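The first chain written gets the first letter, and so on, giving A, B and C; residue counts start at 1 in each chain.
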Amino acid sequence: MYDSSPRRPPKRLAGAMSGRAVLASKLAADGRTSRVETLRSDGPLVLRPCHPKGPEPLTQRRHDIARVALAAGTAGPLGGDRYALDVHVGAGSTLVLSEVSAMLVLPGAEGGHSHMSITVCVENGATFVWWPEPIIAAANCDHRHDVRIALAPNARMVLREEILLGRHGESPGDFTGRLRVTRDGAALYDQQLSFGPSADGWDGAAVVDQGRAVGSIIAVDPDWTDMPPQATPFHKTAALTPLAGPGVAIGAVAPDSLALRRLLTQGLNELGPPWAI
Amino acid sequence: MTDEHKTEETRALRLGIAGPVGTGKSSVIAALCRHLRDEFAIGVITNDIYTDEDARFLKSEGVLPEERIRAVETGACPHTAIRDDVTMNLMAVEDMERDFAPLDIVLVESGGDNLTATFSPALVDAQIFVLDVAGGGDVARKGGPGIGRADLLVINKIDLGEHVDVDVVQMVTDAENARDGAPVLPLSRKRPETVEKLCDWVRQMHKTYAAGGHIPIDPGPMAPHHHPHADSHEHGHPHSHSHD
Amino acid sequence: MQVHEIGKQAALLLLADGRLPAGGYAHSGGLEPAITAGRVTDVAGLERFLIGRTETAGSLAASFAAAACAGSQGGDLSGLPMLEAELDARIPSPELRKVSRDLGRQLRRAMNSIHPHSHFAALGRAPHQPVVMGVAAAVLGLGPREAALAILHENTAGAAAAAAKLMRIDPFEVHAILARMTARLDRLAVKAAEFVNRPFADLPAPGSPLTDIAAEHHRRSDVRLFAS
């Protein structure tokens, strides 16, 4: 279960890693260009400035914005690891955060629970584009993935999350992922997905059924306050749905990562420019 | 503030239209709307078994502005929706009365079901039960709560009598006998004078209702089973058809 | 057994009974869309569906019913708008948000006729069903755990009842599934009630992606037996 209260420190396992990386962007003095203000890698979480990697929504490969990629300095997280990443998108700035490769969540040599916590704060007038690669929950992993995003009333955001239930042909370990987005302090989107041997019913028709890849795109734009995009179930296992506030969730379930990526991109393109890629 | 607290001046005459599938409930409603819409402010609630077919029919007929025709989906339990769990319909009626206040008449069409389904007095002030000659001349004689005690029994499609070997006059007589003199109206949309009689009945009902002189009558519970060999298994009480 | 030892169980049965006239019979709890999509075809698939539904949408509703009940018990309804907003954020599909609010209005309409109380009038125009269930439980003298159990039962049994109309299935097998699930419902109700003293933001947020997607397809389907 989700818990906003401070966590008890977990039992340390031999060889377990922990790290807290920090990333911040700010608007430069010229009032147009965004710069990376803080770039603090830690242990396995390596942050580095980068160039546009491929098509991206909203920012369209612009060069006057801050662009950072997260790279894994080691395999994992593995059981026992605790990673944290704090992101701050300063007022008026634009930050694109991408990822070098998929994140493979594995069991540790001694088992144990791994945890990754990501907090994001997007200030007024700022734009955050988070375009990571999939998270793969390998067999026997035991991982919890928590993402909390706080948006200012005038912030824009688009993010993609893709979760693969096991590597090819294997059953996933225990995984719980929660993504909570607030806007001006009020909840806008909050969804948790749990699967693996300790969870029940996730392989039923109400949750993901036979799908082994599940994902979503969340887009928030204050311009949608009066006129949100219309709900569009664009595929048997994918739909674009307007949230109760100025945002949309594009949800999709697919047999594998390629099919999932296709569905999510299709959903994003339903939004038209400047979101389409 | 709750939204269902009605003031008396915004409450319309709630008139239910029940009867078996295919007897022409939707056509009766279409005719009423077409002929009375200039005299009364009317809204319609349809109850469907599958989706919102009846609402679509009425909208396509263009008898009322589309927003005054609303569908309630009854999850394959059309008689539950008008009898033992009227909440959905009641709220649809109240919403309609609130959204288009003041309305004079809200017509509630039941999902076509069987002979035993009648409206609860918690939902409607008066009800019309619709039969048709094509359903067989003996239906009226068999009786039942709707046939026997609805405020008005309509025998529809009388122009078809000769084609389906039904003696319309006999059927009307049977119905009158089953109803102890309560009104029976032979109807055909091809005979304008019968449609006008139907409209007159509604006008009169509205007048009585508006003057506070009409008291809703419950036609009664669903009909008990008929047991041909009652002596072999006598029941201490009649048992009802439960919904399917 | 002494009466005082069993608490207010008759009130709980009243609240959880599918025959409570609040319009629940018109909904299949996502089962019809799942059948239409070909994802539920047999008894085993139905059982997986019901377990998944109970663990996700059922648990979600249960924790919100428990929270609403706790607030209502103390006579403080001021937190309910925020509770409603938290629940909105946990239901991506606008269709399912509407269904939850339609069912909530109906339950409020029914309960306010059955057992009038000022708390019902204090709810917003279209309150979510779990919130109304929580308030109704408190008004009947029940606690958060009972509120959670009532809506878990309603969620599960409502979908199961639809199965007999939608599938070629032996109704005894449907109830056998429900019988196997009783311990699960008890457990989830206890778990749901554990959040009552926590900030609303901490309430669970279990998602059910295919249910949201299928609900949007269902609304646009020309032929359907159930409203959702």
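Side notes on the structure shown:
Methods note: a residue touches a chain if its C-beta (ideal position, glycine included) is under 8 Å from a C-beta of that chain, and two chains touch if they have at least 3 such contacts.
For each chain, UniProt lists the protein as follows: A = Urease accessory protein UreD; B = Urease accessory protein UreG.
Keep in mind that what you see is a predicted model, and the values were worked out from it rather than measured.
Relative to the whole-protein C-alpha centroid, the nearest chain centroid is that of C. In terms of the distance between Cα centroids, subunit A is separated most widely from B.
Here the CA centre of subunit A is 30 Å from the CA centre of subunit C. Each chain gets one centre point, the mean of its Cα atoms, and the points for subunit B and subunit C are 33 Å apart. Between subunit A and subunit B, the centres computed from C-alpha atoms are 56 Å apart. Looking at the complex, you find that subunit B touches subunit C at residues 1-4, 49-51, 72-77, 80-81, 84-88, 90-91, 244.
On the side of subunit A, the complex with subunit C involves touching residues 1-5, 178, 180-182, 186-194, 199-209, 211, 214, 216, 231-233, 236-239, 241-245, 249, 251-253. Residues of subunit C touching subunit B in their complex: 19, 21-23, 25-28, 105-106, 108-110, 112, 120-121, 123, 125, 162, 165, 221-227. On subunit C, the positions that touch subunit A within their shared complex are 30, 34, 37, 39-40, 45, 47-57, 82, 85-86, 88-90, 92-95, 97, 184, 195, 199, 201-202, 204-213, 216-217, 220.
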